[in-house]
Structures are given as C-alpha cells and as structure tokens.
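Written out below as structure tokens is the structure these notes cover.
All chains are identified by letter, namely A, B, C, D, E and F, in their written order; residue positions are counted from 1 within each chain.
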Amino acid sequence: MKKSKKIFIFTILALLLSVSVHADELTDTLDLYSAAFDAIWLLICGGLVFFMQAGFAMVETGLTRAKNAGNIIMKNLMDFSAGAILYWAVGWGLMYGETAGGFIGSSDFFLASGDTMNWFFQVVFAATAATIVSGAMAERTKFSSYIIYSVVISGLIYPISGHWIWQGDGWLTALGFHDFAGSTVVHSVGAWAALMGAIIIGPRTGKYVKVDGKVSVKAIMGHNMPLAALGVFILWFGWYGFNAGSTLSGTDLSMTDVAVTTTLAAAAGVIGAMFTTWIAFGKPDVSMSLNGALAGLVGITAPCAVVSNGAAIIIGLIAGILVVASVEFIDKKLHIDDPVGAISVHGVCGVWGTLAVGIFGDLEAIGGAATRLGQIGVQALGAAAVFVWVTVTAGLLFLIIKKTVGLRVSEAEELKGLDIEEHGTESYAGFQIFQNM
Amino acid sequence: MKKSKKIFIFTILALLLSVSVHADELTDTLDLYSAAFDAIWLLICGGLVFFMQAGFAMVETGLTRAKNAGNIIMKNLMDFSAGAILYWAVGWGLMYGETAGGFIGSSDFFLASGDTMNWFFQVVFAATAATIVSGAMAERTKFSSYIIYSVVISGLIYPISGHWIWQGDGWLTALGFHDFAGSTVVHSVGAWAALMGAIIIGPRTGKYVKVDGKVSVKAIMGHNMPLAALGVFILWFGWYGFNAGSTLSGTDLSMTDVAVTTTLAAAAGVIGAMFTTWIAFGKPDVSMSLNGALAGLVGITAPCAVVSNGAAIIIGLIAGILVVASVEFIDKKLHIDDPVGAISVHGVCGVWGTLAVGIFGDLEAIGGAATRLGQIGVQALGAAAVFVWVTVTAGLLFLIIKKTVGLRVSEAEELKGLDIEEHGTESYAGFQIFQNM
Amino acid sequence: MKKSKKIFIFTILALLLSVSVHADELTDTLDLYSAAFDAIWLLICGGLVFFMQAGFAMVETGLTRAKNAGNIIMKNLMDFSAGAILYWAVGWGLMYGETAGGFIGSSDFFLASGDTMNWFFQVVFAATAATIVSGAMAERTKFSSYIIYSVVISGLIYPISGHWIWQGDGWLTALGFHDFAGSTVVHSVGAWAALMGAIIIGPRTGKYVKVDGKVSVKAIMGHNMPLAALGVFILWFGWYGFNAGSTLSGTDLSMTDVAVTTTLAAAAGVIGAMFTTWIAFGKPDVSMSLNGALAGLVGITAPCAVVSNGAAIIIGLIAGILVVASVEFIDKKLHIDDPVGAISVHGVCGVWGTLAVGIFGDLEAIGGAATRLGQIGVQALGAAAVFVWVTVTAGLLFLIIKKTVGLRVSEAEELKGLDIEEHGTESYAGFQIFQNM
Amino acid sequence: MKLVVAYIQPDKLNAVKQELFKDEIHKISVTNALGCGQQMGYTETYRGVDVEVNLLKKVRIEIAVTEPFVQTTVDAIIRGARTGEIGDGKIFIMPIEDSIRIRSGEKGEAAIG
Amino acid sequence: MKLVVAYIQPDKLNAVKQELFKDEIHKISVTNALGCGQQMGYTETYRGVDVEVNLLKKVRIEIAVTEPFVQTTVDAIIRGARTGEIGDGKIFIMPIEDSIRIRSGEKGEAAIG
Amino acid sequence: MKLVVAYIQPDKLNAVKQELFKDEIHKISVTNALGCGQQMGYTETYRGVDVEVNLLKKVRIEIAVTEPFVQTTVDAIIRGARTGEIGDGKIFIMPIEDSIRIRSGEKGEAAIG
C-alpha cells in the first residue's frame, strides 16, 4: 500500500506539474494572443489612418483649381514622406520618450526601443497634423518652403504638444485633460499652424478685391467636386481607424462604442452643415456639406470614448453648424483665405470637440477633474495651451521662412498655376480648361 | 507523518484551487478574446461596408452626366447620414428588436441595449439598401424629396423586411429561407424601391424620344468612366466586408471560404457580362463589364457561405449574362430609365442569387427545407414576399411624395443640371464641358 | 477514514480529470483562436492587396491619355477576373502543389485541398503580377490579345517561378534565396513580362520620332495626375497588406516591424525620386515622385522582414534614385516605350530589393547562405533565373500572339483612341478634350 | 459665298442640326462658347460666397454656303433654335472670299459643299 | 456692321468685360483658344522629357457692333487687356453683312444690340 | 488683309504648324471644334444603345495675313493637312478690315505680324 500511495502522490504531483508547465505555456500563448490582437488592430487601424492621406489629397485637390492640382498632390505626398522620416528620427522621441518635466520627451530617438507597433500607429497621426496645413495654404505657397515647414511641424511642433497630453507623464495629462483620439493633439495643432500660415502668406490673388475702399469677397471655385467627395468618404473610412484604433488595444471592447459615436457624429455633422447652408444661402451647398462630415468627425475625435450616442449626435450637429458659421466668419469678416476650410474644420471643431469632453463626457470614465465645471476648465486650458504653443512656434517658423527663402510664389506664377511653374507640368493634359479662373 | 500528510493534502487542494481560480480567470480571458475577435472583425468589416458608400457615389457619378455630379454626391452623403440616425432611433429596433409575430421588431429603439458591435455592422447595410435607389433615379429627382424617401427606406421599409429574415424569429427564417449576406434583404430591397421610383418619376428628358409614334431609345452617356471603375473596385473591396463579415463572428473560419466564393463569382460576373456585350454589341462594353462585377457580387451575396467554388463561378457567370440582358430589356422594352443599371444589378441579380441558394446550396449547411425543390420554393417565396412588400410600400411612398412636395425637378432645371439648380454650384469649375449632352 | 481517503482521492482524480478535459477543450479553443488570427489577418491583408488593383488602374489611367482610359480600366478589370479563375483552376496547383523536382507544382488543381485562406491571399498576388504588364503596353495593345497573355501570365508563367521560391520545396528556396513578400516573385515577374511586351509591341506612335536620322524622344503626357496620385496612395495603403500580410500568420508579431520598414522605404523612395528629378530636370516632377513611392515599396518588398529601419531608408532612397535613372535610360537610350514606368518601378527596383536582402539583411533571420557574399550571390542567382524564365516564356508568348491574332491596334485606331475603337465608347463624354495629343 | 455664324442655346444644337439636314445642309462646324447677351445671367453660390455668372454656355455654329443657300440656312437655324424666349441667340452673316477643299485642292463654290 | 474679334490673355477677360460694360457694350461671345504669336512659349518637362509648349492659352472674344461703336469697342478692349508686355493680343475687325435675332426675326442693325 | 480659317484633322495640327513655320508664318490661333462634312460619322455604343456621332473632332485654325501671304498660307496648310482622304478639311478666306495690336496700338498691316 505504501508503494501505491507513493505512486499515487507522484502521479498527482506529476499531473499538477504538467498542469503548471502547461500553465506556463498557456500564459505565454495567452500573452502572445493578447499581443497579436494589439498588433493586428493597431496595424490595420494605422493603415486606415495612413489612407487618410489619400483623403486629404483628394479633398484639397478637389476644392482648389485645376492648375494647382499637381502641386497639392506633391505637398501631400511630401509631407507624409519627409514627416515619417523626421518623426522616426526625432519626433517620436520628443513625443513618447522619457519626459523631461512633463514638457518634452528625451529618449528613444531613431526608435531605439524598437516599439514598431506603437510607432506605426503614431506616425500616421503626425502626418495627419502636418497635412492639414497644406489645404489652408494651397494655391500660393512655394514648394520648397512647404517642405521646410511641414518637416518642422511633424518633427518638432506636433510631438512636443503631443507629449503634454498623450505620453502619460505630460503636464496636461496630470491635470486630467482628456483627448481620446486627438481633436486637440492632432487636428487643432494642424489647424493653428494652418491659421498662422494662411495669415502670414496672405490670400490668393483675386480672393479679396478692394472696390472703392471696400473689400469684396470673391469665390474661387474648386475644380472637382467628385474628387473632393471621394476624399471625404476616404477620410470618414479612415477615421474608424483614427478613433476606434485609439483604444490602442485590440482587446478593449469599447472600440465598437467608439465606432458608433463616430458614425453618429459624422452623420449629424453632415445634417447640421447641410441645413445651415440651406437656410443661410437658400440651397444645400455641396462642399460645405462635405466639410460638415469632417466637422462632425473632428468634433467627436476627443470625446468619442466617453459620451453617449445621443451626445455624439448633438456634438456632430453643433460641429456641422459651427463649421459653416466659422468658414463664413473667417472668409467674410477676417478675410483669411482658407481654400478648403481647414481652420474651421480642424481648429474650430477641434476646440469644440475638446470642450465637448467636459460638457458631455462621463466624468468617471474620463477620470480627470472632480466636477463637470472643473473638467470643462481643464479642457479649455489644454486647448488654449496648445493654441498658444502652436501659433507662437508656427508663426515664428512662417515668418522666418518668409524672410529667408520666401513663402509665396510670384503673382505671375500664381496666375499661370503652380503645376507649370513649380513642377513644369500640367495635371490634366488634353482637357480644355478655362485658365481665367 | 500525519502532519506531512495534511500538508500534502492542503498543498494539493491549494494547487487545485489555484488552478480553478486560474481557470476562472482563464475563462474570462478566453471569453474576452472571443469577444475581441468579433469586435475587431465586425468593426473592420463594417468599415469596409461603409466604404462602399464611396463606391456607390463614384459609380453613380461616373455613369451620369457632369452637370449632375454634385447632386449625386449630396444624395449619397445624405442618405447615409440621415439613414444612420434614423436607423439608430427606429430602424434597428424594428429590425432586431423583440419580434411581434415574426413580422416586426418592437424593442431596443435608440439602441437602448447598447449592442454597438452589431448595430455598427448593420447600419452600413441599411445605408447600402437606401443608396441603391439614388442611382436609378439620378439626374431628375428633387433633392428634398430624395431626403424624405431615403429616410423612410432606411428607417422603415428596409428594417421590416429585414426582420423577417435576419432577426432569428422572423417568419421567413422560420420557413427556412436563407440569405447569408443580403441578396434579398439588402440588394433587392434597394432595387425594388429603385424600380418603383424610376417608374413613378419617369425617364430623363431626351431618353425616350417619340419619332412618328415609335419610341426611339437614346443613350445618355456617363461622363467619367475612370471614376465609375474606381467605384466598382471600391465596391468589390468593400464586399469582402459585406460577405465575409456576415459570418458575424471573428472565429468562424468559414470566412475565408466566403471570400473565395465572392472573388470567383465577381470575376465570373465580369467575364459573363463582357463576353455577352462583345457578342451582342460587337465590342466589349466598359460600363457593362463594370456592372458585371457588381452583378456577380450581388448574385453570390446570398449563397456565398453554402456553395462550392465551382457553383460560385456558375452563379457569377449567369449573373453577368443576366445583368446585360436585363439592362437591355428594362431600357429597350420596358422603357424604364435606370441610368446606372441599379434595378438589374441589385434586383434581378439579387433574386438570382436568392434562388441560387436553393439551386446550388448545400442543403445541410442551409438547414432549411428538406428537399432541394422545397428550398428553391422557400427562396422564391422569400424573394416574392420582399418584392411585394417593397413595391407596395415604396410605390405608395413615391406617389405620396409626388402628390405633395413633388418628386421631379422641372425640365428647365434638368436641362441646366441639378448642380446649378439644386445646389447653386458646378462640380467641374473651369473644365470646358458640352452642356448639350 | 479509509472511506474519506477514497473520497479524497476520487475528488482529486475527478478534479484532475476535469482539468485535463478542460485542457482538451482549451487546446481546441486555443487552436481555433490561432486559426482565427490567421484567417482574419490574411483575409484583411488579402483584401488590401485586392484593392491594389484599383491603385494600378488609377495610376495607369492617370499616366496615359484620356482617349484610352476606358481601355486601361477594362484591362485591369479583366486581368484580375480572368486571372483569378485561371489561378483557381491551374495556377495555384502549379505554384503550391506538391513539387515535381523543385521546379513545378503538380497537385491541388481547382483548389481541391479547400485551403481557401491561403488561396485568397495568393490569388491577389498573382493578379498583381499580371496587371503590371498592362501599364507598360498601354495605349496600343489589342484588347483580345491582352486577355490571352494576361491569362497565360497568371496561369502559367507566374506560378512556376513562384513555385521555385515560395512553395517551400522549390529549388531556389533550397539554395537559401529569400524574397519575403515578392520583389522578385511578383514584381519582377510582372516587369520582365512588361519589358518583353513593350519591346515586341513597339512604342506608341509619335513617341520616338526620327528627325534627320536622329531619334527625337517626345513626351506623351498623362491626362490625370490626381487620379494617378490617388492610385499611388491606394497602392501604398494596399502594400501594408502585401508586405505585413506576408508573415502569413496573424500571431507573428514581426508584422509591425514590416509595416515600419515598408513605411520608411516608401517615404525615402519619394524623397529620393523627388530630389533626383529636382536636380536633374530643374523642377520636382510630380509623376516621377509618385513613381518614387512605388519604387521604395517594391524595393523593400523582399527585405522588409530582415532589415533594420535605417537600412530600409537607404533601400528606399536608392530605389527612388534608381527609378528616375532607369526611366530616363529606358526611354532616352533604349527607346523602349513604357508609359507608366512599370519596368523601372517593378523590374529594376525589384532586382534592387532582391539584392538588398543580401546586402543589408540579417543573415540569421534569413537563414540562407552562411556569408553575406554568399547570400548576395544567391539573391543575384534567383533574380537572374527569374529574369531568364520570364523573358524567354513571355517573349515567346508575345511573339506567338503577334504572329497569330496580332498584338497591336492599327495606327488609325491608336490615333482615334482605343476607347472608341476597341470599346465603342468614350470615357469622358461631355468634356472637351484635345484629341491631337 | 457667305459664312453663317449662329449662337444658339446648347440644347438646341440637335434640333438645328436636324432642320439643316432636312434642307440638305450637311456641312457645319460647331464650337463651344460662352455668351453674354440680353439674357441675364444667374447667381451661383460656392461655400456661401455669391458667384455671378453672366457668361452663359452657348454653341457657336459656322456654316459656309453659297449665296442662294443663305436664306435657307438662316430659316433652318431659326426653326430649330427659336423658343421665343430671351437667349435664343443670334445669326451673323459674313462674306467669304474664297474656299478651298484641302483634300482635292478644289476652289471657290465647288469647295463649299 | 462689324465683327470685332480679339485675342487676349485669359486673365484679362474680366477686366475687358468690365471696360466694355462701362461703355454699355453688353453683348459678347467668348471662346477658349490657343495662340501662337510674338510671345514665346515655354518648356514643360514630363517625366524628364522636355515638352515645348508654343500654343499658349488665349481667350477669343467676338463682338458684333454697328459702325459707330467699333472704335469704342476697340478702345475698351485695349483698356482692359493692355499690360504693355508681349502677349497682350490682337484685335481684328471684319465686315458683317447681316445680323438676325433668332427670337424675333429682327434683321440688320436692330438685331445687333 | 485676310483671315484664313482652316478646319483640319486634330492630328494634323503639328504638321500644319511646322509647314507654316517653314514659311515664316508664326502667328496662329487654334480652337477645338466639332465638324460635320463629307466624312461620315461613326457609331459608338453605350450600354447597348447606339450613339451616332456625326460631329467629329476637328481643329479650327485662324491666321490673319496680308494679301501677299494668303497663297503661301493656304499652300502650307494643304501641305500639312492633306492625306487625300475624306475629312481632310476646308479652308475659308475672309476679309479683314483692320487689325490692332493691343500692346502697342499699332494698326493695319503693321499689326498683323
């Protein structure tokens, strides 16, 4: 009996051992799976956000004139390309490196850590911020200057304010500022740089004509609405990667909640913008309705994970109305020439989305300030801080470029079109196009 | 020895306990993973189906005239936007809420259940059904009327017949009707509404000209084949989400079988349509070959999960031939003006696909009727029921709109183009375009 | 006490048993999950690679003339459609069937194995190889001949050389040849077929004009740069599926490393090409910069999984420079007319990428030759073998077609445009286009 | 020989062509044009800014005919293009001194038809 | 009656229109044209190959006027289009023998305005 | 002064330009046009429906020259455009009464070249 007992004990021990060995393997497998979820998720979402570059290119091309189409494309191609390499060398380190006082990252340059998964998902965001600028400064900017400032934005300006909010140890994070997918971090940064650029470079020739001392605002029509519409659909599609991917984890099931708030806000943005133009101008305007979709998307970007579906609809609706009002105001009152409405879409609606976190957000989910008013305050502070940071640095940048290499093409070049003058080619060879537009 | 025994026992018990605690955690983890598979899968597939909106917009824009391009775009933008909000408020509840007698859903309005994952995947299907109509009624429909009927389709007509088939307790489900991804539920519903719309609104001016009492059929050429082709490629791409995503589960490995039948049927559809036009008209027709791809895709949508690869090729081939014959018949015999062939692609091939389930499907996999003939009968019944439901309700809807706000723009507006008249803008500013087309 | 002991033992045994039953179930679940990762991953990546067809169609359409746009589209549509069915019937078996001496596959025709997951991911690669040819032979090839040769390429030429490298038992695999995602297997195969096609069919009328015995090279401008740019963005987007998907496993975490090298090389390719044209022609050329992106992508396709980020940038940069030099050389020296630069992008940069594996690759990760020089040698050998295989078989194929059905349309047809002559329709009805281009 | 130049509404081109064909006038040339006449323009809006369009799309027809055919041609054009509303268009008649058929080198009235 | 035909730089169209309107000349027709004159063309490059463009974009204006208005019209065009640089364009004056308003059938000088 | 108006096949534009240049005629204006002449149209099909195209793409050339150059111009055009096939086109010669160079205000024959 003793022996059998021993055998019994050993059997059990062996079994238990095998279970625990198995358990080790199991843990490894489960960890691998968990990592695989994240990798697949972030890779696909990152891919979708990359595809937004096509969306921006098409929207900007469609809403400007045929004679500058090639130039717009080159800008979009170049800002991603130069930006990606700069963000690899410097930007990522400044944004996600170890914090220096909550203000700037200071390690992991050249992606020394090898954290390719997160880098890939982040680089496409950096490129988004940079590319927003090209729309507002379209049809008059020197290509060489464009390369310079777009590199500085992705390599320096964007990562630093990004560090404050998304690195985890940033000073705005510490205050409880919440920006889930980047209404402020990405969109506002791009838009405020766009604002400074549009101001400093001045309007396109013929946009604001002085007649008897009074400024008369002229429309310079975009040349290809179907292309612009395609761009908006691509952006909307990519935005599912942008927002839902910002869970940063493939096992965070709230991703589908995010997809729904994103959908509803975008839809409401279209409706808001369309009816606003219908009432204001008498007819539903095509390009403003397209902007409305983007406005709703930018608006929901910050709060998408912490608001209800109903709130998402309200946020989108207001964003849609806001974008029309803002485009009108910037064009007709401020006389700042923003051909594609980038400042209104990404800046104004970016701020709106950031505040909406405070106004509609589930405070517990946010885990920031204790009171609603407190959260709204923190959100306002964050938006303001980023506004100041970007307008000052981007303003300086544009002024320096203006004084040195020059920011703007000559009037003759502008008249003839940037495609011929800057790239020596036409974009629609063979088509008969009115050049006097 | 007693003590050591006790220790031994306790150790084992503790170990076993830890294993079972671990097992609880494990179950949780495995459940989470299973849910994550579903969430990722449905979110991405839903995103792909959303992107089909861009495809529809481009196909419809490309196959109609330049002067109506902006209008087509607005319709596609608006039907998704208004439809999404309506489907959230009402449609989803009517479709997937608790059944009232197998005929209509009656709970979960405003997505009270919070089932965001399934709602997201379903809303893009509802939008697909609605957007099909715009193609058939293009170039002559009042924009305001369009909004009204598209809202009714996504909010009421589509969800109710959808309930019969996809909710689980619907009366057609009970009879064994099988429609995997929606040849009937989505495509036919859109197409029959399109049919009624096209009949009630009448043909475009100049499409059917009476010469000496005989109707002469004129071609009104689409203005942008590359855009139409891009649209078809986008649709095909999105269809992988449409069909493969309809497994509704990320761990249902049959998804790759579905992807293959989908690919083969679409390819065969192109071949079928191309050779048919080659033989019938003497030259391989571009836009009909593009329609052929869509015909194959619509045809395989219902049976994609229950047929062999060989059957998929036959289904696609026949769909490709059918679509050409049907476009000819509807245009030249019935004189119903469907600029993009929506009725033929989505309606005729939708029915074909639905019947193909019965003809080629693996009866066991379908789990419906006992005999092949029985299954074909059930499929025919389902297709017929949906046909009646949609033609009656949509017919009424269009007639009411016609009598009240009016369905059609004036002939002068039509001549000048809906872009200028309905939206006050041109879509291709600067291009020299022949308006007398 | 005896009884209690027995109970105790049985309890423990039962528990252990339940654990091990549970373990069986667990293993099943874990296996299912592993398979689900692969299925989801390959399906989505395959979808992305499918979408590259749209990219190719748009690039080729944009870089050729308006009067041939419909023809280009038909070719792209048809090569995928016919190719998919051929690859299902024959190609897959020849490529992945049981090897006959390392040279050719000999089983699994008509996908008898039912391995839909891998077939789906592979068919889109086969289609990519076939579609490359259409760009180089654009604007002058008979449509019927196009169908014939594209079917032979996807059904025969591509699968056989593919077998050598990717089937596992191929003779080049045995030698240690490494081509992760297909710089040689896919891109070079397409390009060398394109080379033979472009040589045998001859240049477009008016491309090389003999003036006083000296050949003067004329530019034939592409008609739609925005479309070409959209195509490049779509291709880049799809390339994430192409390269990262080539891990062939959803739990291979190196997928994100691949995404990063892919991104950096493409970006560097743009920069390389742009600055090269800037220096060489005085202005940054739009269409060559677009080619630069593709050059970088083709270059990194083979080595993407075995090189560092820094090496990826160098590979891309050199690819970008190479592509410009090669386009110049092929056009101005060899007088081979390749409207879209397919030979340079896919052939020259394909070889460059294949060699780069040897030059920059991590030898251990490659697991091929023992020394760097050895690996470079093997890579060169593989590239050369494929070059010989394709030029000989494709050359024969084109010659036979030329002698029998004829390869080229008449000069009158070419002048009038293939859209009207081959398909009886125009692609941009209504637009006023200069036909004398 | 005269050159009859007519500006008509774009959508009347087909009708005019048919009327001309009925009278056996088969040779015409057409260009796209923009015109500003008695017909007022209209206002578009683009992103909320008004755009005054006072150059409307017109079609310009040129028909070279021998003297006896001038009236026939003018009548046919009027039949095809007249709606009675502002914007119907104008016809101008200009002298042609010579006419040459490139293919054959024929000159004068022989080359017109 | 005369037909004043002017080739001007595309970007001067608006200025010319305004000058004409100031002088109460409201009826004009415009077509897109390509022109080759004293103004040299320029060179584009496409994929590294030079493209000589010697047909530059121009706008062609046609104005039918009665004799007394010819000079006014010419002056207005010159005011609107002149920059003093090569490429400013040309004006040609041609005889019109008759003019018909399609809408009313009016003929001669009555139909011009 | 005369205005030489020629309708030619679009693909002959370059050849005509070169022949004109050889004879030192450098100033021309070109517009796109559609023409209907002896050359029959062709039939396209769109989605199975026949489309009769009887307005074919042509290029319209205008050259203002002084009397002595008329024949040279006509000959050069014929050299460049003739293939001997139907559709080669037509040349019309019309009187010009005056010509003004916008840049300098020069008038008459001085302004032509």
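Everything that follows uses one rule, which is that contacts are C-beta pairs under 8 Å (C-beta built on N, C-alpha and C of every residue); 3 or more make two chains touch, one makes a residue touch a chain.
These numbers come from a predicted model, not from an experiment.
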Touching chain A and also chain E, the following chains: C, D
Minimum number of chain-to-chain contact steps, chain B to chain E: 2
Numbering shared by both copies at the chain B-chain A contact, with half separating same from different: different
Interchain centroid distance [CA atoms averaged], chain A/chain F, Å: 53
Separation of mean Cα positions, chain F and chain D [Å, integer]: 18
Separation of mean Cα positions, chain C and chain B [Å, integer]: 31
Residues within chain A bordering two or more other chains: 12, 16, 19, 26, 33, 40, 44, 221-222, 224, 230, 281-283, 285, 287, 424-426, 428-429, 431-432, 434
Residue numbers of chain F (touch at least two other chains): 31-32, 45-46, 51, 94-95
Those chain pairs that satisfy the touch definition: A-B, A-C, A-D, A-E, B-C, B-D, B-F, C-E, C-F, D-E, D-F, E-F
Footprint of chain A on chain C - complex, ascending: 9, 12, 16, 19-20, 23, 26, 30, 33-34, 37, 40-41, 44, 48, 65-66, 221-226, 229-230, 232-234, 236-237, 240-241, 244, 250-251, 253, 255-257, 259-260, 263-264, 266-271, 274, 281-287, 289-290, 293, 309-310, 313, 428, 431-434, 437
Partner chain C, residues of chain F touching it in the complex: 10-14, 32, 42-46, 51, 57, 59
Chain A contact footprint on chain B (complex, rising order): 8, 12, 15-16, 19, 22, 26, 29, 32-33, 35-36, 39-40, 42-44, 46-47, 50-51, 53-54, 57-58, 61, 69-70, 73-74, 76-78, 80-82, 84-85, 88, 110-111, 114, 116-117, 119-120, 123, 143, 224, 227, 230, 419, 422-432
In the complex with chain D, residue positions of chain A that touch it: 217-219, 221-222, 277, 280-283, 285, 287-288, 324, 327-328, 331-332, 341
For the chain D and chain E complex, residues of the former touching the latter: 2, 6-8, 31-38, 55, 58, 60, 74, 77-78, 81-95
